[in-house]
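As written, the chains take the letters A, B, C, D and E, and residue 1 is the first residue of each chain.
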Amino acid sequence: QAVSGTTADERAINGAKAYLKSKGLTSLKLNMMMPSIFTAGSTGEMANFEKETGIGVNYFEVGILQIQAKAMSEAVAKSGSFDFWIGDPISLPDLVEAGLVRPIDDLVARGKPDLDDVVAGFVEQGRYKGKTYGMFGDGDNWIMVIRKDLINAPGEKQKFKAKYGWEPGCPDTYEQWYQLAEFFTRDPKGTGVPELYGAMGYRARGWGWRWWLQQFYAKGGMPFDDNMKPLIAGKEGVEALKDYIALTKFMPKDILGWATPQAYPFYAGGNAFSIMTYPSIAIAAEHPEKSKIAGKNRYCVVPGYMVNGKLVRRSLQGFGNLLYVSNYSKHPEAAYWLSQYLTSKEVSARLVSGPNSVWDPYMKSHLTDPRVIKARTKEMLEIHLKNAQVTAPMILIQGAVEYNDVLDQHVQEALLGKLTPEDALNRTAAAWEKITNQLGRKAQIDGWKALKPAFPTKNVPD
Amino acid sequence: MGGSERPPYPPGARRAPGDPGRSSIDAQATCRTNPGRSWIDGVLARLERERVFKWLPFVPVQGLFALLLLPNALLLVYLSFLSWRITRGAWWNAPFTGLDSFLGALGDERFLWAVGRTFGFAAVAVPLELLLGFGLALLCREPFRGRRIYTTVFLLPMMIVPAVVGYDLSMLLIDQGPFNQVLSVLAGRPITVRWLSDYTAAKLAVIGADVWQWTALTFLVFVSGLAGLPRDPIRAARVMGANRWQIFWHVELPLLKPVIAIAVVLRSMEALKIFDYPMLLTQGGPGNSTETIAVYLWRMGWEFARVSDAAAMSLILLVVVSVYIFIAIRVLRRERRRLAEEAAP
Amino acid sequence: MAAVRLEGLTKLFASTRAVDAIDLAVPDGEFVVLVGPSGCGKTTTLNMIAGLETPTAGDIWIGEARVTDWEPRDRNLGMVFQSLALFPHLSVFDNIAFPLRIKKVPEADVAARVQAVAETTRIAPLLRKRPATLSGGEAQRVALARTIVVKPAVFLMDEPLSSLDAKLRVEMRTELKRLHAQLSATFIYVTHDQAEAMTMADRIVVMHQGRIHQMGPPLQIYADPANRFVAGFFGVPAMNFLDGEVVAEGSDLRFSAAGLRPKLPAPRTATRGPTTLGVRPEHVRLGDGADASPATVSLIEPLGDETLVFLDYGAPVSLVAKVDAEDKVAVGDRRPFTLRPDRLIFFDSAGGRLR
Amino acid sequence: MAAVRLEGLTKLFASTRAVDAIDLAVPDGEFVVLVGPSGCGKTTTLNMIAGLETPTAGDIWIGEARVTDWEPRDRNLGMVFQSLALFPHLSVFDNIAFPLRIKKVPEADVAARVQAVAETTRIAPLLRKRPATLSGGEAQRVALARTIVVKPAVFLMDEPLSSLDAKLRVEMRTELKRLHAQLSATFIYVTHDQAEAMTMADRIVVMHQGRIHQMGPPLQIYADPANRFVAGFFGVPAMNFLDGEVVAEGSDLRFSAAGLRPKLPAPRTATRGPTTLGVRPEHVRLGDGADASPATVSLIEPLGDETLVFLDYGAPVSLVAKVDAEDKVAVGDRRPFTLRPDRLIFFDSAGGRLR
Amino acid sequence: MMRRRLFGVARHAGLLVWMAITLAPIYWMVMTSFKHSGEWVTWPPRWVPHEPTLINYVKVLTPGTSTFELGRQTLKILKPLWDSLFIATTASLVAVALGSALAYSWTRFGTGGRRYPYNILSIRMVPPIVIAVPFVVYYVTLRLLDTYTGLILVYLATSLPYVIWMMLAFIEEVPVELEHAARVMGASRFRVLGRIVLPLTAAGLVVTFLFVFILNWSELLLAMTLTNTEVSTIPITLNKFQSANEGRDYGPQAAIGTIATLPVVVLGFLIQKHLVRGFSFGLLRK
């Protein structure tokens, strides 16, 4: 009973119509929970879907960091108060175990979404223990952006080269990024509040650990061994953490409290030389009115480390949204069809290129789609998909939220100088052991093994 | 005394010897029927009997507590003896693990820190609020020009939603924000304290938020208390030769003790629940430097899904808090009782 | 209209016997004053009659009905409180109209009746005012008017004058008496002021520690107190009490205390031995005489028309004599005194009267 | 030790003239009582002497010093308040020790002095108690003890007895007098109770509406009031005032009002015409006589030793007579009466005394 | 005289400092609500908007989808505003009604025992987070999760202690003789409550209402726990957009903050006179 239609979005529409008919309904409102930050960019397409099928959406917004708590509370409540939601993949294992997420393999089989067009590695984010749970919808692997106008400013290149011995440009290694950051941090009056900051990343509670994890991966590190013994406190971890801390001194002081809404405008205001962040930075940075630096950016493949004499670059799938269908939904199928619709080639291209979008390109077809190119620039898209080749997942196993929270806490304490990097990571490792034991080592080993294929095999993109 | 000789009773008033006298409770039980009244009056008349009437408001209130709070308390206790996580099926199927969760909680450094930190916040914020509130109330005590305006303004903060306060301060306290600007102007050199992301400064920010908002309440309580101080003992002390300071210290302060007690109890009981400011200002960070009990338990329950552990921690917390409650209530009772005694003659 | 009868009325507050099995019958139209020191149970008794307290035991009859368990509102009483209990949020008019409105009297009648009663009590010009702006006497009249307006059969008054100053109190008690005469209702009046009791009562009921110690017309109580408590309670300044003993001296009986030995009137049956002699200040006469005892004036208090003279005659407590203001006495004078033999009364050591 | 002198002392509250340019000299050691109706400015005067209120105009001298703008604590005064103002949080001992400790008296002396003063005031057994547990009289003594302990030169007392019941008030005023004799300090005592003023004062100062109406020893004020206000203020029951006129009848002068025309003693210089005659109840004599006027008894109030008789003689207001209790009078009796001619006083229509 | 004047100056100085501290954040919020996005964060900070605008209010008040500029969020403030108003008002009203009746009963009859108010107060001392999780479990079974009733009941329970304590003070001030007088005059107990006690404690009721209204209007934790899609309150709405690391769309949020603050402040102004009387909790000597 596969659904007819030539494209995934057509099939989604047809599937939805058929579903309605089978239920004897003419219209339907689904409840959707979504991070408030996503609403604006998405409502248009949901309206289109309603026009086509009669299935509309009431969305209720939640702070992005509260999605997890709300979902958990629904897992307890089993109220069916929302049919589906947008959430990040970290929560997937826990929410599946909590019984909240409905596996969608049956529906995928019928609807044939455009899964093969999704960039390798991303699809895995929606899978857990061999089942598919969520449609992937947001290519959140990180990209690096630097200011080409500043590099090209008269005399800068020479001065830089004289000092560091290489032609300034996209950094290949974190060391080079450090040098760029050092060089371009400008505080002529010596006030301690530079006019130009050399680097930007995320260092806030809830976020900062991801940037360390990326660096740790680039060092060739893996968080666990096959028995779930933590490996983070080894040499790689400590060095990565030291570098991570060192780089922070070229960042705005308040970076410890900042996330996207603060970081993007700050960078777009021309206050920093470089930034490592989500691909959607391009929209902010190239905005014709709001950005002071439109057209002055160069997009870079993420830097890496020399490991055993060979360069290893690693980007991180640092957020990445999934469309989850609730187990307690009265109309899981309808919710699925909308998910499929939103993640089809055509519609996703529209979403990704929308003016308010925080959805980032994640399909091969996005690379060639003129609308996407217009919104994000060809250069950025190419780099983005190159990065995708070296993108590693976060620790997507049961208890992920807690593992990460503990890591986050200690990374920040090291950053603040409360703990030495060694100490911080040792404590994290100890805490991880405790979590693993609590959750059951055996189950965790299985989960970890299942995740391993999602790690990239390439060290530098083609 | 003198009872040996009782005056003669008027005729008819004498009670039969040996008649024990009917108790009035018996008497009430025989309901008086009053013709000509509708049944509504009848019902009202019944409700009006003191022993019914006085319980009327207790029925809904105790009912509410019994139906709302009691089951929760029981559930909380029950959950704490299980090892249930939201990710482990239904709670009624969760294995019974006795005191494991409690032992775990007591071994959880982060929990102990959160408890200590919360008490620490309260220990700094509450005295500050009391002192500030008291000082301001003293300054606003006697009439002078502009007093009404000051009082009005000082009361504003407590009328603002704490979430708004958190948000508002997060705007003021940013690195290059107005607060640092003002400090820089006052200090005459650039001040760039990271109020929200420095390990210590963030704590100060949370405390500051609490102080900013709730000094309004202590101010109000103290203004109220000062206004109600009896005049004569103070005047007596003046005539006896006491100076302002002596009067304040030896007369006014002791007289205000009950009011101070209630202010301390109210503020500290609210301060121990502190949740909004860290949640909104710092998300418990940086590190865990502003993670209070409420924030940690929130995470424990809703983010880490460890409900039984959270329940055990809650109960431990309750034990700790009930020590405080016990002391607070003793103090309040003593003060009220003393007041009642003083009012008696 | 309505007699009031209390039978074995008792009230316990926890372990306090506030009222202890009192029996009292107040005939219709009588003005009875319950008097006694603070805490003796007067208010509690009154409250039980009004229905504001439930008796622990005993019964209350009003007219023919046993009202013990009736609600206050069914008892057809008027009550005036020490604090007056004017409703501060209502105007004088509304205060007086309150009981009428509660009884659903038509609004037109209300106005007429309030006006009428306001005229009787001479507060017609105050009807628009708020209680807080009234003087003590005015407020007092409003409280009366509010009680009178519904024409209750029984008036209960709990120290209604005690918040007034001395002057006004004297005036108001006259007014109350007149009112009683006019209304011919039963009045039960509570006070701890013996002067009020004396001047107003048809009959005085003296209470002490929850019990009735004496009942009777004022002058009887004054002249012939049932026991030492009653004797001491009535009279300002209080009766002089002299501890001593009755001794025989030849055919005479004499009372022997400190420096004095007055002769007692002949037919005394009382036992000899330790007794207390009571004599009122107005029955202490200054001036030499057959039986006079010597004394020195230690203090004088002029009252205007009369003067109190404190006499030191050797005992630790002075004897107080009330003399005419025109009798010139000075502190330090040696003034012998006599006691009016026909006005001496005696008490045993427990305070009971010896006759 | 310290005389007190007020010169043109004035206090305005907004537009109220609470105290209006009063002059008063209190010699060292005198017991002066300021008396007057509520609101006449007594408390305000006292507060100005104590330094608790700042005078609007005028000066205050204590001893040789002009203290008008001194702080209260520098004036060496003792003050007792109507509310007593005991510190409820301190024990009796600490209450009494308070002024000593304020003055940094060594702790050993404190104990000794408190003990001593407690004995004088007979509260030694109470020293451990809290004020709340004291009876009215005890609390009163503690308040006194606390004032006495520092031996101030001047005592100010603002209605210190008014919160006590009648009985206790009478006792305490004797004690206060004794205390004054012992301490030989200057006492300025405020009351609105004329009986207190009469019994306690060396000299009475009668105030009304912020002004002094009369000063003098008690009996003078009682017998020879300066004006109608003073006459009416003193005496319970109040002086009878009869409106009428003085007419000549042959060689006699007679006062003519309603149903009576008493002859006046010969040498009266007062003008004829409308006047008010004042006569105290004790100077109304029941009984036929040469000059008797007929009257009916409308009300009687037995006081115990005496009885008040209200006489209707034709005027709207009854005439009150005070007669001996043994004189049997009943309501409705027709009783002629005479006024003691030597005790009649006259006022003009403005209330001024006519001599 | 000199010293007094000096003290006056010092007093004003002290009070002005605190006034500045009190007002600055409020001022900043109100000003920000009139600023374009470009002026939200600048160095030096702008204390007065250069180009005042109402756009933020338009955005948050327009029903349906309104788009934030930078964070690209949408926000419908009207529904939360209404929900908050409804929930806080209902809960506070019922709490004031029940709580003052209870306080009355306790004051007059000692119902519930001498410790009753203290026991009630200890309920308030329990941190709400303690009961948050079992509450969800329990509410699910009662079908009260995410309903007005559910939140109202919780707020009712948590504001009762304050109501009882504040009302005790006011009720104790009503002389019992007034009630006695009315009852003897023929009023039933219910009428006594309505005609005597109610008018005489009106100021207290209003003050108490305001205070618990503030608490209920502001409560975040339980609201966050016990609501989902159907019910939303102002603090939750604010929280959605200002979790520490997420959307800070300063302007519109300043507008929400201002809107959320306004009703309470207005209410507070109206009854300011009575506020002072209400907060001694009966712990003053008469």
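We take it that contacts are C-beta pairs under 8 Å (C-beta built on N, C-alpha and C of every residue); 3 or more make two chains touch, one makes a residue touch a chain.
Owing to the predicted nature of the structure, the values given are computational and were not obtained by experimental measurement.
A.B. asks: Chains in contact with chain C and with chain D: which ones?
C.D. replies: Of all the chains present, those in contact with both chain C and chain D are B.
A.B. asks: Which pair wins on C-beta contacts, C-E or B-D?
C.D. replies: Looking at C-E and B-D side by side, B-D shows more C-beta contacts.
A.B. asks: For chain B versus chain D, what separation do you get between their C-alpha means, in angstrom?
C.D. replies: The computed centroid separation for chain B versus chain D comes out at 52 Å.
A.B. asks: So what's the Cα centroid distance for chain A and chain B, whole Å?
C.D. replies: Chain A and chain B have C-alpha centres separated by 44 Å.
A.B. asks: Please tell me the distance, in whole Å, between the geometric centres of chain A and chain E computed from their C-alpha atoms.
C.D. replies: Centre separation, chain A to chain E: 39 Å.
A.B. asks: If you average the CA atoms of chain D and of chain E, how far apart do the two points sit, in angstrom?
C.D. replies: Once rounded, the distance between the two centres reads 56 Å.
A.B. asks: If a residue has to touch 2 or more other chains to count, which residues of chain D qualify?
C.D. replies: In chain D, 88 touch at least two other chains.
A.B. asks: Could you check chain B for residues that touch two or more other chains and list them?
C.D. replies: In chain B, 45, 48, 50, 170, 174, 176, 196, 230, 255, 282-283, 285, 298, 301-302, 307, 342 touch at least two other chains.
A.B. asks: What residues in chain E touch two or more of the other chains?
C.D. replies: In chain E, residues 41, 43, 133, 137, 188, 225, 239, 242-245, 248, 285 touch at least two other chains, as defined above.
A.B. asks: Using the touch rule from the top of the page, what pairs of chains touch, sorted by label?
C.D. replies: A-B, A-E, B-C, B-D, B-E, C-D, C-E
A.B. asks: Name, in rising order, each residue of chain B that touches chain A in their complex.
C.D. replies: Residues of chain B touching chain A: 86-89, 170, 174-176, 190, 192, 194, 196-199, 282-289, 298-299, 301-307.
A.B. asks: Note which residues of chain D are touching chain B in the complex, please.
C.D. replies: Listed in rising order, the residues of chain D that touch chain B are 50-52, 71-75, 77-79, 81-90, 98-99, 102-103, 130-136, 139, 146, 150, 156.
A.B. asks: Give the list of chain C residues in touch with chain D in this complex.
C.D. replies: Interface residues on chain C, with respect to chain D: 38, 165-167, 170, 173-174, 177-178, 192-195, 198-200, 218-219, 222, 234-238, 280-282, 299, 301-305, 308, 310, 322, 325.
A.B. asks: Enumerate the contact residues on chain B facing chain C in the complex.
C.D. replies: By the definition above, chain B touches chain C via 1-7, 9-15, 19-24, 27-28, 30, 32, 34, 45, 48, 50.
A.B. asks: Write out the stretch or stretches of chain A touching chain B in their complex.
C.D. replies: Answer in residue numbers: 65, 68-70, 72-73, 75-76, 94, 97-99, 191-193, 203-206, 252-257, 398-399, 401-402, 405, 409-410, 412-413, 415-418, 438.
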